[in-house]
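Shared between the two complexes below is chain A, which pairs with chain B and chain C, respectively.
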Partner chain A sequence: MAGLKEYLVRRAVTFIPTLLGVTLIVFIIANIIPADPARAWAGGERARPEIVARIRKQYHLDDPWYIQYVFVMKGIISYFTSPTHEGAIIDPLTSKYVFDNIFLRFPTTFQLALFAEIFILTIGIPLGLISALKRNTWIDTFVRFFALTGTSMPIFWFGYLMMWVFFSHLRWTSLAGVPSPRCYESGTCPITTYIPIFDALIAGEYDIVMQVIRRFWLPGFVLGFRAAGVLARIVRNSFLDALSSDFIEFAKAKGLPKRWIWKHALKNAFVPVITVIGLQFGGLLGGAVITETVFGLPGIGRYAVNSINYLNMPAVIGVTLMFAFMYMLVNLMVDIVYSALDPRIRY
Partner chain B sequence: MTLVSEEVYEKKILDKVIDRLVDGVAKVIDKFKPGWSVKNRSKIDEWKLMFYAFNRSPPGLIGAALILGFIAIGIFGPYFAPYSYRLFLFIEHEETYLVPPGSTIVSKGETFYFPLGTDKYGRDLLSLILYGARVSLVVSMIVIALGVPLGIVLGLVAGYFGGKIDEIIMRITDTFLAFPALILAIAFAAVLPERLRPMIIYNEQLKTLLSIFFAADPRDAANFAPILSVILAIIIVWWPGYTRIIRGSVLSVRENLYVEAARALGVSTWKILTKHILPNVISPVLVLITLDVGAVILVEAGLSFLGLGAQDPMIDWGKIVFDGAQYFPDRWWLVLFPGLATFLAVLGWNLVGDTLRDVLDPKTRRSIEFKVKKKKLAATSEDGGASQ
Partner chain C sequence: MTIFPTKKVIEVKDLHVHFYTYAGVVKAISGVSFEIYEGETFCLVGETGCGKSVTSRALTRLIESPGRIVKGRIIFYRDSGPVDIMTLSEEELREIRGREIAYIFQDPTAALDPLYTVGYQIAETMVAHRTADWREAFRKAINILKSVIMPDPERRVKNYPHELSGGMRQRVVIGVSLSNRPKLLIADEPTTNLDVTIQAQILDLLRKLKKNEQMTLLLITHNMGVVAEMCTRVAVMYAGKIVELGPVIDVFKDPRHPYTRGLLRAVPNPLGKVERLESIPGTVPNLIYPPPGCRFHPRCPYMMEVCKSKEPPMVDLGEGRKVACWLYVK
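Let's look at the complex of A and B:
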């Protein structure tokens, strides 16, 4: 597996220039605004001039762009390198570190994405396999229809419709607050992952787990609905491709049992499927912003939307970077899994 | 000489309409380039075949009808809207506050009929949806008209020249692709209006042009900036996908013998790119464009749902839902109807894109033709959805 190791190193190296480019784009975004954000941060028209001046100095708003870029980059790096977060970039509205704010909201977004991903996989893969096996029957047509409606559905609209059914009428979900395990208060968690549902599971607080599920299943379903149908179609097509390939014919000719033939076909069918899951993750993060707004979840996306309203550029920079980083990380993992599944792939 | 298609298909009304249309277009081109239709006989035949295959797909026809409806409403809707989007009836007639669909309000001697109800300002929801269709149409068309060619040109250049140019273009493309599209669009749409607003306000021509585009009052010029920045933001996130796809296909096409022959004959690079390479890489992109119109409509609606895009009193479909959501579910019409309009418009493009994928792919098209032929031989008079 020397090839794999080499490939991973190379892949990690190309990760860095992209990340740098990403920060550059994010920085350009933040510097497009000619309007003076300092006044808005200090509290609007009636802000005291000395406070505005102090903010301008603190955020280097009067300095040329390269000094500002260095300032922003330093602010980002020093949060992660220095244990006391000395010099890290600060949210001008909450006076906390931007990344503190983000990590505070991260578990919510993570749980939302987790539930969405669970729905995508448990709906998409079985449905795709069934529709491949029952090709050109009503199930196949249904899956096609399902994928089409999913991609055409405005996520906010679907969210409200589902809310109307499952909250207003059936009361199968709750819409207020985000449950967190009791052991956070008492400090008795055996292991702290900072993801409430995991911590509650580990600490054995199953009522909290149920509350988390009750709160998150509907947003997760709404967020995953779009991708599930598309995934089902992709699973169907790649499974059909795999079933009609030469090595399956050969396996049949050799008289292998059906179970083995399936195993071979499945393994090969999942190579493209995994790429699609990685690519869909980007759409998932974007959709998370809308879903959080619809369902009132205090996640990273909500933080971004609130920051935009106050021209809170440090926060927008932080959130955009965070999302880009998560997306890149998932795709890196996808590439690794991909190359482990398919030994032919080494670029 | 009979067409191949006539052996295969029993023609229906729609096919005859298509025949007329294609022949008409061919005749017009003949006027400019005499002998064109004779020279391109097989091409015309191929086109007709594609249309016939399309006509035999009920989802495709439904999609085409939805698209035509969307475009027609987008273009003409604002002129037929019963009320203007700026008519805040609530100011004078308090009874028009959040009226449910299908109600008639008599207030101060005037009678108003609201087929889809009103919003919190007493604005007629039907009119708002008609105006919103225009914004959706204009945004999606501009994004496709500017973003796609940009992506295609960059992909052609990167793939054909290779080397350093390729490296630079693809690094930039990869960087843009590293962002989740909607997140980057949100970031750009959030910061661009401040920069664009003065440009629009002080530029009379741009102001007039945009007010015609959005069917809006020139007095709302300051509010064109957010919509324009949504357009720019979507273009910024949209081109890299096309660059990536086109470059990939160009890499394989440019090694073909006919490209080398053209180069050896001294054909100019521009001509090689447009006449020899582009036609061979464009067909997968055509399907993608159709699907992407729908995707752009969705992204635009999503952005304006987040409070970016149209600002009061300007309107679009996402904005109506954004405003109406606070009254949901009691005043359900403010969420249901604009969302439904968005859904149907996007569904139309997706249905057509999905059908086009089958029709443009020679392999699957043959299977459609074969199916139709077989049906005819079996003498079952049943024909799936040839007429609308």
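Let's look at the complex of A and C:
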């Protein structure tokens, strides 16, 4: 693990151009759209002209695009550099800092992604392994069929179907509000991670934990279901690859017990699987828009869609930046796990 | 130089291995019989696809689906008495594999798990057979690497396979195989994937180890030079059958089967003089629909009527020589 620190610094430095590039692309696309954001922010067709003019001036909307870009980027940077958020970019619709809005919604998205990931792993990995071991039997066919239906079923349909079963009929889930630990109100949380389920666990408020689970398990399942099918296929194929490799045959020729042979096969199979898990989790953090909408969860995905609808460019860029950052962070973690798993990979 | 050892190590009787593929049943091995005596180096030689490797793997039933041993007996003479490999349970087989019968594979790069150190892979072979505990096994691994003439074994034992050269990897594979001092070592083309210069070193090492450890070696190769250099007795395989078997010097000096003759004329004969290299006309037969009668008859310059319809019997020529050819049936 020597050199880990330098590696992290090196990787963090490569984050910067990527993030800049992402914001630039989004900003240019937003500028190409022939619409008047100031009018939309001020309330549409009936907006008073002096308010529209004030907004234009405040957000430099009459200036060339690069000045607007610098203004937005400055606003983003000052949110993080200045302790009082002096000069930070403000969401024109809510009149709050853009990143205050994002951080308010992030825990919801994170919890959703967390539950989805739990379902992806607990469904995808065992199904993949079973499928590989029972290759070309009816179990394998079933798993492959499941993977196909999982990926091709639209969330807005599957989500309502599940709601109909588990909310309307079984009442196994709740659909309103987002539970948060009581210690947020009283300010007595021992440690604050800003993720309600963790904070509730740490504070010992197990009834809140149960409420969070009740609220989030179904959207998590719906979101994770499709990715679980994909993961099952990947696990199946890479496990089969590993099982058919020469070193497994050599391990058998060495007379290793079955479980040891499995250990060799599994460890090798999981190198590619880890990549997919990481990419999927990164995708969950950024792409849960439909699920959040269907289940009425106030997460970042919904914030992004609302912002796009109202031409709320400062918020769109803020959200894009957040997604890109999360994606890169997850990728970095995948790479670190990778190098711990595979001695051929060095950072 | 011809030795007639008496104690058998393993005896194969009428072995048949089939592979069930979509195209049809591939009769990879059809009626192979031979025995290997203690202390000798027995060679299986033949072209690619003639069934040498399958035969060697069948000895401990290492045949994966879609392959299956459909017929035959494999008698292994353990210290405690003979056993038929075909009747053993998976667990009993496991105890024989890697401990009493060990393998060296063709491609050392693929045979080693890339995610574990070579020391671990040697050590686990001992721990799996309870010949050492982990701590002891790691210590022994260093000595094993020393015995396979690995430079700097104390450091190399902690290396991963990708950090070693091809020759060093094959030394590790040999080390793994030797770690439990097996009775029978099966080397399946151990030098095919190595540089020519390394090949000689590895063969040299095998010869030395065999002498020191009093092992019996089954060597599989398509290289006649290796056969001449290493083997006591040789079995020539063609299309899933043994066509000729005998002490290596006799076979090389006076090959009896037309295929063996062709094979020896096709390469520079290490034990004799060849004026001009010749190729064997025709191609290796399809083993889904093998030719009736003698499988070599479509390519044979001495073909007779009987060869087309009836399989030749194994003719005993005396002095340990056998040949499956109608030319020698009186």
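Side notes on the structure shown:
Everything that follows uses one rule, which is that the second predicted complex is superposed on the first by the 324 of 347 C-alpha atoms of A that agree within 3 Å, B and C clash if a C-alpha of one lies under 4 Å from a C-alpha of the other, contacts with A are read in each partner's own complex, and residues count from 1 in each chain.
In this section, contacts are C-beta pairs under 8 Å (C-beta built on N, C-alpha and C of every residue); 3 or more make two chains touch, one makes a residue touch a chain.
None of the values given here were measured: they were computed from a predicted structure.
Contacts of A:251 after superposition on the shared chain: chain C is touched, whereas chain B is not. With both structures placed on the common chain, the touch criterion links A:26 to chain B but leaves chain C unconnected. Contacts of A:260 after superposition: chain C is touched, whereas chain B is not reached. Once the two complexes are overlaid on the shared chain, A:154 sits against chain B while remaining clear of chain C. Contact with neither chain B nor chain C is seen for A:298 once the two complexes are overlaid on the shared chain. Touch criterion met: A:342 reaches chain C, while chain B stays clear of it.
Looking at the shared chain after the overlay, A:268 reaches chain C, while chain B stays out of its contact range. Note: no residue of chain A belongs to the chain B contact set and to the chain C contact set alike, using the contact criterion stated above.
Within the complex formed with chain A, the chain B residues making contact are 59, 171-172, 174-176, 178-184, 186-188, 190-192, 194-195, 294-295, 298, 301-302, 305-308, 317-318, 321, 325, 328-329, 332, 335-336, 339-340, 342-343, 346-347, 350-351, 354. Those residues of chain A lying in contact with chain B across their complex are 17-19, 21-22, 24-26, 29-30, 32-35, 144, 148-149, 151-157, 160-161, 163-164, 168, 281-287, 289-290, 293-294, 304-305, 308-309, 313, 316, 319-320, 323-324, 327-328. Note for the complex: chain A touches chain C at residues 245-247, 249-257, 260, 264, 267-268, 271, 341-344. On chain C, the positions that touch chain A within their shared complex are 60, 62, 64, 94-99, 102-103, 105, 107, 110-116, 124-125, 128-129, 160, 162, 173, 176-177.
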